[in-house]
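Some notes on the structure that comes next.
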Amino acid sequence: MAWRAALRSKAVIPGLLSCSSHGRLCASPTFITQRNNSTSPKIKVDYDQTTGVAVMHMQSPPVNSLGLDFLTELCISLEKLEMDKGCRGLIITSNQPKVFSAGLDILEMYGKSPEHCGEFWKVVQEMWLKLYGSNMVTIAAISGSSPAGGCLLSLTCDYRIMADNPRYTIGLNETQLGIVAPFWFKETMVNTVGHRNTEVALQLGLLYKPAEALKIGLVDQLVPEDQVFTVATQTMTKWLTIPEHARQITKSMMRNPTIDKLRTNREADIQNFVSFITKESIQKSLRMYMEMLKQRKA
Amino acid sequence: MAWRAALRSKAVIPGLLSCSSHGRLCASPTFITQRNNSTSPKIKVDYDQTTGVAVMHMQSPPVNSLGLDFLTELCISLEKLEMDKGCRGLIITSNQPKVFSAGLDILEMYGKSPEHCGEFWKVVQEMWLKLYGSNMVTIAAISGSSPAGGCLLSLTCDYRIMADNPRYTIGLNETQLGIVAPFWFKETMVNTVGHRNTEVALQLGLLYKPAEALKIGLVDQLVPEDQVFTVATQTMTKWLTIPEHARQITKSMMRNPTIDKLRTNREADIQNFVSFITKESIQKSLRMYMEMLKQRKA
Amino acid sequence: MAWRAALRSKAVIPGLLSCSSHGRLCASPTFITQRNNSTSPKIKVDYDQTTGVAVMHMQSPPVNSLGLDFLTELCISLEKLEMDKGCRGLIITSNQPKVFSAGLDILEMYGKSPEHCGEFWKVVQEMWLKLYGSNMVTIAAISGSSPAGGCLLSLTCDYRIMADNPRYTIGLNETQLGIVAPFWFKETMVNTVGHRNTEVALQLGLLYKPAEALKIGLVDQLVPEDQVFTVATQTMTKWLTIPEHARQITKSMMRNPTIDKLRTNREADIQNFVSFITKESIQKSLRMYMEMLKQRKA
């Protein structure tokens, strides 16, 4: 399959944001079907009431693009789990081969009205607010590449376990595409890898191989590819031994200052995004990027 | 002796807060005597006027619990030394075997009136304010395990030298007991090991072996057990070569933002602690913890 | 030559601030000439319009002291380059052997009027504001020792490449001389190497050998002495592939909070510096330091 070959060739791995119509680009009608079939869930949630652990399997082919529908579904699932007091842990992983999530769906920002872009950005914010501030223990089982929004998704979790495969990469590579990670992406990264690593990574839009990501602390642990989920489950068991209430208060204490900055500036952040992304020059950058992706597939 | 055996077995080392009545638990009347004998100083201060260096030997059996009397004595000693312009350096160490300090004394928070808990917390704050903001060069000679408040005590110092014995541990393990390190414990740790290490350490209530503590920067240097004090003295000599006034201003510049946050919120922080610690559920956690300690000794 | 011998002997390397009259001290009339010859530029700027990269060669013998004239010239050059939209990258390096820059010129602060000291400090601020906030990609090619203000200069850049020669050192060693790095020196260092490294480094006035500097992140890369400039040029090429506008916004997002703190407190910071540096005790420290430098040369 063209997409897998592209992934294998590493050519696509440095891709920043994903494009949910990749299927069309590589002429695979399957993808179009799945794209349009909004009744087919993009996320499969397995919740084991005996352990109190839920697993979110992202299953939106080809690359778990974070589009409006996907993120809306994610937020609704999160809200349900959060409100179930018995659900104490959440593992996020991917059912798609070679990719965790390729990030925000470019098609939600390209050639769209300001209203649409604003609506999309609001749900991106909502996903981050819900996950970064979750009362649950959250673990990312990063089974493949995780650029841009995919990296952000994993950074919201309490712990990151990545497949030790040098073909995969992870990072906030927005500048490579000519766009900018907003302040709350930046702060999430600073809270994880520090100011200086973030300064270089964001300016250059760096994508790290697993070993490099581990070195700077972008992920917490590398395991063989077939053990990512097993180790995530074992790690969850360990985290769940900690007294619940004390752990939650501690997590809030660490993360609320960052969360509050977005909460109190949410509307301004949306306006900022919309006015940036709808600029002609930025739209042109997005178009060029998508054409580059198309050519790589050809 | 039961206590030492317990320490040796590592079973007690993960203990968070100490309990000054351990002596009673292991039926050693000596401890009770020392506990009740308030005229016997819990801290021995040796001050060498020729070098300008004072040494505080914590000697409150069995584990240098930071109780109300202990901390009051500590604060009074600190104030005297701070006011003596000739005293430029302070080494804090322990005369108790295998332990630096086991942290805040649970008995000051268990089954006590809100007034007592508030009075206790005030002196915990006072200890931190005096040490973290001290004009003296302060060095922790960590000769044994140092959980919870013992870890905080060492974190207030300018430099931490720990005995390189894998049986010892150090860390802010409050969540393990179902309680929460307050924001100024958290900020002291963030200032030392960074945001991400703190986030994981505090959520899981991690206790680190010396090698791990060195790796994340929780301590600055490991030395063989019998050289901790000697190396602390040598290090002090080096620090005292730095022009006094410039070093003090620099230290203030680094630490005052954190200190000011507590100073301006001291009363609210006390109210916060009292309302938390006197909750029935938290009192129950403390009781369970003490019973666990008792069983480990049996 | 006495100066080079001194540098070689390492005795002068721990020097904090430089003294532009070293030439006189070691009886080299050349230096005096260059000092007084204000028409001879202290900085040679090579700007290649085809690559969009400018190179600033600091060439103020003997040690590129950052005096009033030097910094004024630096700021004027920076302003010109910044306004030229074609100039996208700046490499800062030294034409003087064994030294990048020895830092602020003591003679601008010793025995001078408060007005002069204030005027001097204003241009130090200006240099920092212009460089730390530059829209250009800035790379420091650190070809020799870089204490105090020399270290600050390199810290303002986006990337630091240092000659891997253990005779060279780098660091903010102000306290060694009895003076204090101001808050914006401190914040620049915290943003680079984190809070704890900065706390120790600034209190002790540490100067790091290249390998140590790399370890804590004070520099980004070590290369053989004769390849510093070549590697800087190659690195620049890489940075310039990143979409300009996105990189600039990202850089601003990382650095503006720190820049704004000085911008909004500039006058108070000047007053603070002037009242400190003109104190009798501080002037005495500066005199003693210069005498020590003189004796080392003798």
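Chains: A, B and C, in written order; residue numbering restarts at 1 for each.
What we mean here is this: a residue touches a chain if its C-beta (ideal position, glycine included) is under 8 Å from a C-beta of that chain, and two chains touch if they have at least 3 such contacts.
None of the values given here were measured: they were computed from a predicted structure.
Asker: Write the angle of the rotation needed to overlay chain B on chain C, where the fit uses Cα atoms and the result is rounded to the nearest 5°.
Answerer: 120
Asker: Would you mind working out whether chain A and chain C touch using mostly the same residue numbers, over half shared, or mostly different ones?
Answerer: Mostly different residues.
Asker: For chain A versus chain C, what separation do you get between their C-alpha means, in angstrom?
Answerer: Centre separation, chain A to chain C: 40 Å.
Asker: Return the residues of chain B touching two or more other chains; collapse runs of consecutive numbers into ranges.
Answerer: Residues 194 of chain B each touch two or more of the other chains.
Asker: Which positions of chain A touch chain B when the two form their complex?
Answerer: The contact residues of chain A facing chain B are 158-159, 190-194, 217, 220, 238-239, 242-243, 245-247, 249-251, 253-255.
Asker: Provide the residue numbers of chain B that touch chain A in the complex, in ascending order.
Answerer: Residues 174-181, 183, 186, 194-196, 198-200, 202-205, 281, 285.
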